[in-house]
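Could you have a look at this structure, given as structure tokens, before my questions?
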Amino acid sequence: MIKISIEKAIPTTLYSQPLRVNLEIGTGEFVVIYGKSGVGKTSLLRMIAGLLKPDQGVIEVNQQIWFNHLNKVNLPIQKRHLGFVFQELALFPNMTVMENLLYAANNPKDQSYLQRLLNITDMQSLRSRKPATLSGGQQQRLAIIRALARKPTILLLDEPFSSLDYQLAQQLRAELKILHKELKFTTLLVSHDPNDINGQIDQLVELKHGNAHQLRGTALHPTQNKSSLIGKILRVYPFESAFIIEIAVNQEILKVPTDPKTAQGCHPNQMVQITFIDGQILLSQLG
Amino acid sequence: MIKISIEKAIPTTLYSQPLRVNLEIGTGEFVVIYGKSGVGKTSLLRMIAGLLKPDQGVIEVNQQIWFNHLNKVNLPIQKRHLGFVFQELALFPNMTVMENLLYAANNPKDQSYLQRLLNITDMQSLRSRKPATLSGGQQQRLAIIRALARKPTILLLDEPFSSLDYQLAQQLRAELKILHKELKFTTLLVSHDPNDINGQIDQLVELKHGNAHQLRGTALHPTQNKSSLIGKILRVYPFESAFIIEIAVNQEILKVPTDPKTAQGCHPNQMVQITFIDGQILLSQLG
Amino acid sequence: MDFNFQPLILSLELSLITTVLLLIIGIPIASFLAFKTFRGKSILEAIVSLPLVLPPSVLGFYLLVAFSPNNFFGKFLDSYFNLRLVFSFSGLVLGSLIYSLPFMIHPLQAGLQALAPNLKEASYSLGKSKKETMFKVLLPNIKPAILTGMVLTFAHTLGEFGVVLMIGGNLEGSTKVASIAIYDAVESLDFRSAHIYSLVLIIISFVILLITYGLNKRLFDNRVHL
Amino acid sequence: MDFNFQPLILSLELSLITTVLLLIIGIPIASFLAFKTFRGKSILEAIVSLPLVLPPSVLGFYLLVAFSPNNFFGKFLDSYFNLRLVFSFSGLVLGSLIYSLPFMIHPLQAGLQALAPNLKEASYSLGKSKKETMFKVLLPNIKPAILTGMVLTFAHTLGEFGVVLMIGGNLEGSTKVASIAIYDAVESLDFRSAHIYSLVLIIISFVILLITYGLNKRLFDNRVHL
Amino acid sequence: DGQNLRIAVAANAQFVTDSLKKAFQKGHPGKIELIVSSSGKLTAQIEHGAPYDIFMSADMLYAKTIFNAGNALTKPKVYAAGKLVLWTTKDLPVTGLDALKNPAIKSIAVASPKTAPYGVAAITALKKAGIYASIKNKIVFGESISQVNQYQLSGATDVAFTALSIVQSPELRHKGKWTEISSNLYEPIDQGVIILKHAGNANSDQLKQAKDFYQFLFSAQGKAIFTYFGYNVK
């Protein structure tokens, strides 16, 4: 169980109130944090990691106090056993891809695990390249698997899929979920991508400032613009350059258009989840 | 008219063939380039900018030869009158937000234009901040408006919206389109975001390697997984926690669920465009 | 006892002129070495470092020979420019420039090499010339390296002694700098003067260094983290 | 003529030992100055630079007084450690360490300050200690700065003369280093020996520098762009 | 720079020359500047055009070298001969050369025989007295006679071979104790003076001034001053 109750005056002219965060996260949960640019998401992760000192409050992880403003406890980051995917990546320029991983790994003999990480990110062929010779997306993949390499207890990811194309990002999302279940780490993922926000997650946290241009205390409230329905596919049929999928949801029959490729994967009697956020609609199969 | 016909052996072990690009882009067009991570998108922009030398071929812009392998022409980047939004941003750490803009601007007296750029990115209050004190998204916004500040003839953007939340990104996309029309620059936008790929653009270019793991010559073929329909809203009514929108498209009546906020903006008789790509569906109003 | 301020003032003058001139000369050389790759670059780099290796008095001896009106270079300067480099302040300046060259070049070059290459690219992409890029983007981002170069050069010239002793000739008011004055005092067993010169030199230098470091701390605030 | 290789070997030994020791001492000091902020930091920085300002022979004179068995420090070393620093190789090493301190500290500090702070953070986040972070992440990424520090220190010690002249005592095989031998030769108007010593010194140094720069170019290939 | 008469002086003669200068100036107004350095350095500088008018060398060799190169107006002439002394500032007996065998004396400062005439004299004396081999390991070399003095004054060495003119100088007259070394044990330390070509190139006033000072060295008053400082004069 992670309990966070902290306050930090972020020197921004946007809001006159400090960033206040109150959160409870169960061990092994997968939590997505989202919010507008500049609202304090990175700062929150940095405070959890111990890279930024809250002005006041307490961070408690599995009954261990990591930070307490009152009795000046501030556990060094080294002892927090984290994995951190930095928004600016922070790869080690002097090390190759493999050396980055080996440096990060607790147990360098765990070769098969590192190989697996390289495989799920399609990075096998780049193992002996230095970061400066990698493309933006390749660098981002390295940052993700470097954080995973040491099998952390808590994984903090700051917009880890932002430079990846849709397919690769989806692949990584799936692999991350598998590792998350397998290694049982707690995951805090900062993202603005609907594919993260609408995924199967344990908690969704929105960092948001009040309407009075104040940064409001944040909590476990689901987003206002997000919602989802579950239904059963009745029919899939072509229409112009696209396909239409008929889905029964309670008393309604929805008719949703989709691209040929997605349509191929849809068959009558399948259960699907339809999620929508901010004008975007996402179909995903269940089970 | 921009004519690109170049070849470059990118030292990657992924594909055994060099990157080959053949493109014709009309002056003032808005072109989106997409493709898998590591396929060579950034390298292509760098070659157009003159930061990376093609192994052979020709780049011609408005009858002027920028690069010709045969007679060793290679116009220096300074003379290409570009705006370049780098994937790694490359902001000037020694300058504040405003100083970054003033340095970039051709005409520093063009204050009202710079103010407008600050406004459309919500950066007004950050004008005297150095880049190191900005959040990831704020830095990315600065990179975009720095490239716009000099009113370039050709604007190259390398995944410029990747760190921005959906609303802000949409706002910037709209503003970019307006500026594009107003200042009549040619835009080449590298992105993997469906919101760019599905937008109203003049050309869509996919960089892709063939099935034989060869990097295929690229051209103006639209993506296979993308399509769009245009229809008229008939009804908007609440359904469970969401809303359903009935849209008439030719002979069909679609019934698409959406979130309350988007629903508020939809009214009968409005024309809407429905775009779908890779399982995602996007509603956008026309006119 | 035999103490006066003239040698101290002369020393400060010499150090200041040398530092400013070397900064001007050093920037293009350092940027050339930092950014260009060519065959024989290591040779050029080794040559830049050579003035360091020769003991100052030996370097001074060879400079004396080179500058001497007996020899080609000295004669040439004398007859065409009416410039005498031995036993004159201009000679000291030239000697110090050669002697302190590596102290300016090395830190500047290392600083420039450590910069992310895309800063330069970004500036070029905005249509900026190499010169403007150097002065408005690159140099402002290597302030600690510039400071290192300037402090090493200034302080080193202030303490310079071997070269000056050889080609200066210890002439009151034109080549008798503080380091020579201290040496003189020690040699004539006038330890009191030596102590006073040293103390004043240390105090002045200390104040200059203190101001420099203090300013630098305030100016170099690009990477403040929350 | 009076030439032999002993002084050259001694000089190389002294320079090598000084460079290695200063690297070991310099890294913690430089990282302290680069990363910690505290009141009076500028004062500490100014103190580190001070050995630069004093003319070497004057510095040598004060070291002579300090090391002398007449005085507290010298007496202390003599009676407790049986260590005599005047007229001994160990004394030269200590003198050179003090004298060359700023040449190592400055470049290292500037290099560390120029590193992106998140490299350190990333390493800490992986549970790595400060030491491991320093040696595996920070230092390997400031190779040009380390090289600068080492070249300046090595070459400067090789050319060092004033301090050595003062506290060395010109003893064949233990304190008569090359710079002293050259000086001696020049003083006794034995220019041929002086030329040969200088030439050999220059050639050796040149080769060492050349190898160093050549290696560095090969090792420092992190930021190759297409 | 027509006004100043510049006299280049070997380090060991700096004190006596200072007195000579003061005495000379009583009858001859006009500025005199003393440039004190090692004879070797001064010689190299003079050969490369240093603007000095008179050179008072520490021995004859340097003066001869300059004269032979054609940079002097006069032939080298001995102005004085130095005397060697054994000196200590510590509580040690320095009654004679034999005292050096005393184990309480751990280090002996000697000027480098390569560059300093007093160094040559000291080594010759030690050899002639037959004790060189037994005390060889105690010797440390100073670059010049003044460095030997610094070694001794700082306490870094126990005893030193220096010039009588040093221990007789006003600065050091009451510091420590000394014994003269018998002049049989070493060759006379003859010191030579020359008027330099530079004096002739300047205006005639300056040449006259230089000649006057040169003459003054050999006058009765000059000789008295040399003697007072512990030099032999003919």
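First chain written, first letter: the chains are A, B, C, D and E, and each begins at residue 1.
The definition used in the following text is that a contact is a pair of C-beta atoms (placed from the backbone, for glycine too) under 8 Å apart; a residue touches a chain by one contact, two chains touch by 3 or more.
According to UniProt, the chain labels map to these proteins: A, B = ATP-binding cassette domain-containing protein; C, D = Molybdenum transport system permease.
If you're wondering where the values come from, they're calculated on a predicted model, not measured in any experiment.
Novice: Quick check on the contact graph: shortest path length from subunit A to subunit E, in steps?
Specialist: Step count on the best path from subunit A to subunit E: 2.
Novice: Minimal path length between subunit B and subunit C through chains that touch?
Specialist: When the steps are counted carefully, the minimum from subunit B to subunit C is 1.
Novice: Of the other chains, whose C-alpha centre is the longest way from the centre of subunit C?
Specialist: Ranked by distance of C-alpha centres from subunit C, the top chain is A.
Novice: Roughly how many whole angstrom separate the Cα centroids of subunit C and subunit E?
Specialist: About 36 Å separates the centre of subunit C from that of subunit E.
Novice: Could you tell me the distance, in whole angstrom, between the mean C-alpha positions of subunit B and subunit D?
Specialist: Distance between chain centres: 54 Å.
Novice: Can you check how far apart subunit C and subunit D are, centre to centre, with Cα atoms defining each centre and the answer in Å?
Specialist: Chain centres of subunit C and subunit D, defined by C-alpha means, are spaced 19 Å apart.
Novice: What is the distance in Å between the mean C-alpha positions of subunit A and subunit B?
Specialist: 24
Novice: Please output the residue numbers of subunit D that touch at least 2 other chains, ranges allowed.
Specialist: 61, 116, 183, 186, 223, 225-226 - these are the residues of subunit D that touch more than one other chain.
Novice: If you look at subunit A, which of its residues touch at least two other chains?
Specialist: If we look for residues of subunit A contacting two or more partner chains, we find 11, 43, 88, 133.
Novice: Indicate the residues of subunit E shared as contacts by at least two other chains.
Specialist: If we look for residues of subunit E contacting two or more partner chains, we find 41, 44, 150.
Novice: Applying the document's contact rule, which stretches of subunit C touch subunit D when the two form their complex?
Specialist: Listed in rising order, the residues of subunit C that touch subunit D are 37, 41-43, 45-46, 49-50, 52-59, 61-62, 102-103, 106-107, 109-111, 113-117, 142, 144-145, 147-148, 151-152, 155-156, 158-162, 178-179, 182-183, 186, 194, 198, 201-202, 205-206, 209-210, 213-214, 217, 220, 223, 225.
Novice: Would you pull the subunit E residues touching subunit D in the complex into a rising list?
Specialist: So the residues of subunit E in touch with subunit D come to 38-41, 43-44, 61-62, 65, 107, 112, 114-115, 140-143, 147, 150-151, 154-156.
Novice: Inside the complex, what are the residues of subunit B that reach subunit A?
Specialist: Interface residues on the subunit B side: 11-14, 34-38, 41-42, 87-88, 125-126, 133-138, 141, 158-159, 162-168, 192, 194, 224-227, 229, 239-242, 244, 249-250, 252-262, 274, 276-284.
Novice: Quick check: in the complex, which residue numbers of subunit E touch subunit C?
Specialist: 4, 6, 11, 14-15, 33, 35-37, 41, 44-45, 47-52, 144, 146, 149-150, 153, 169, 171-172
Novice: For a test of understanding, state which residues of subunit C touch subunit E in their complex under the given definition.
Specialist: Subunit C residues touching subunit E: 61, 64-65, 67-70, 74, 84, 86-87, 165-166, 169-172, 184, 186-191.
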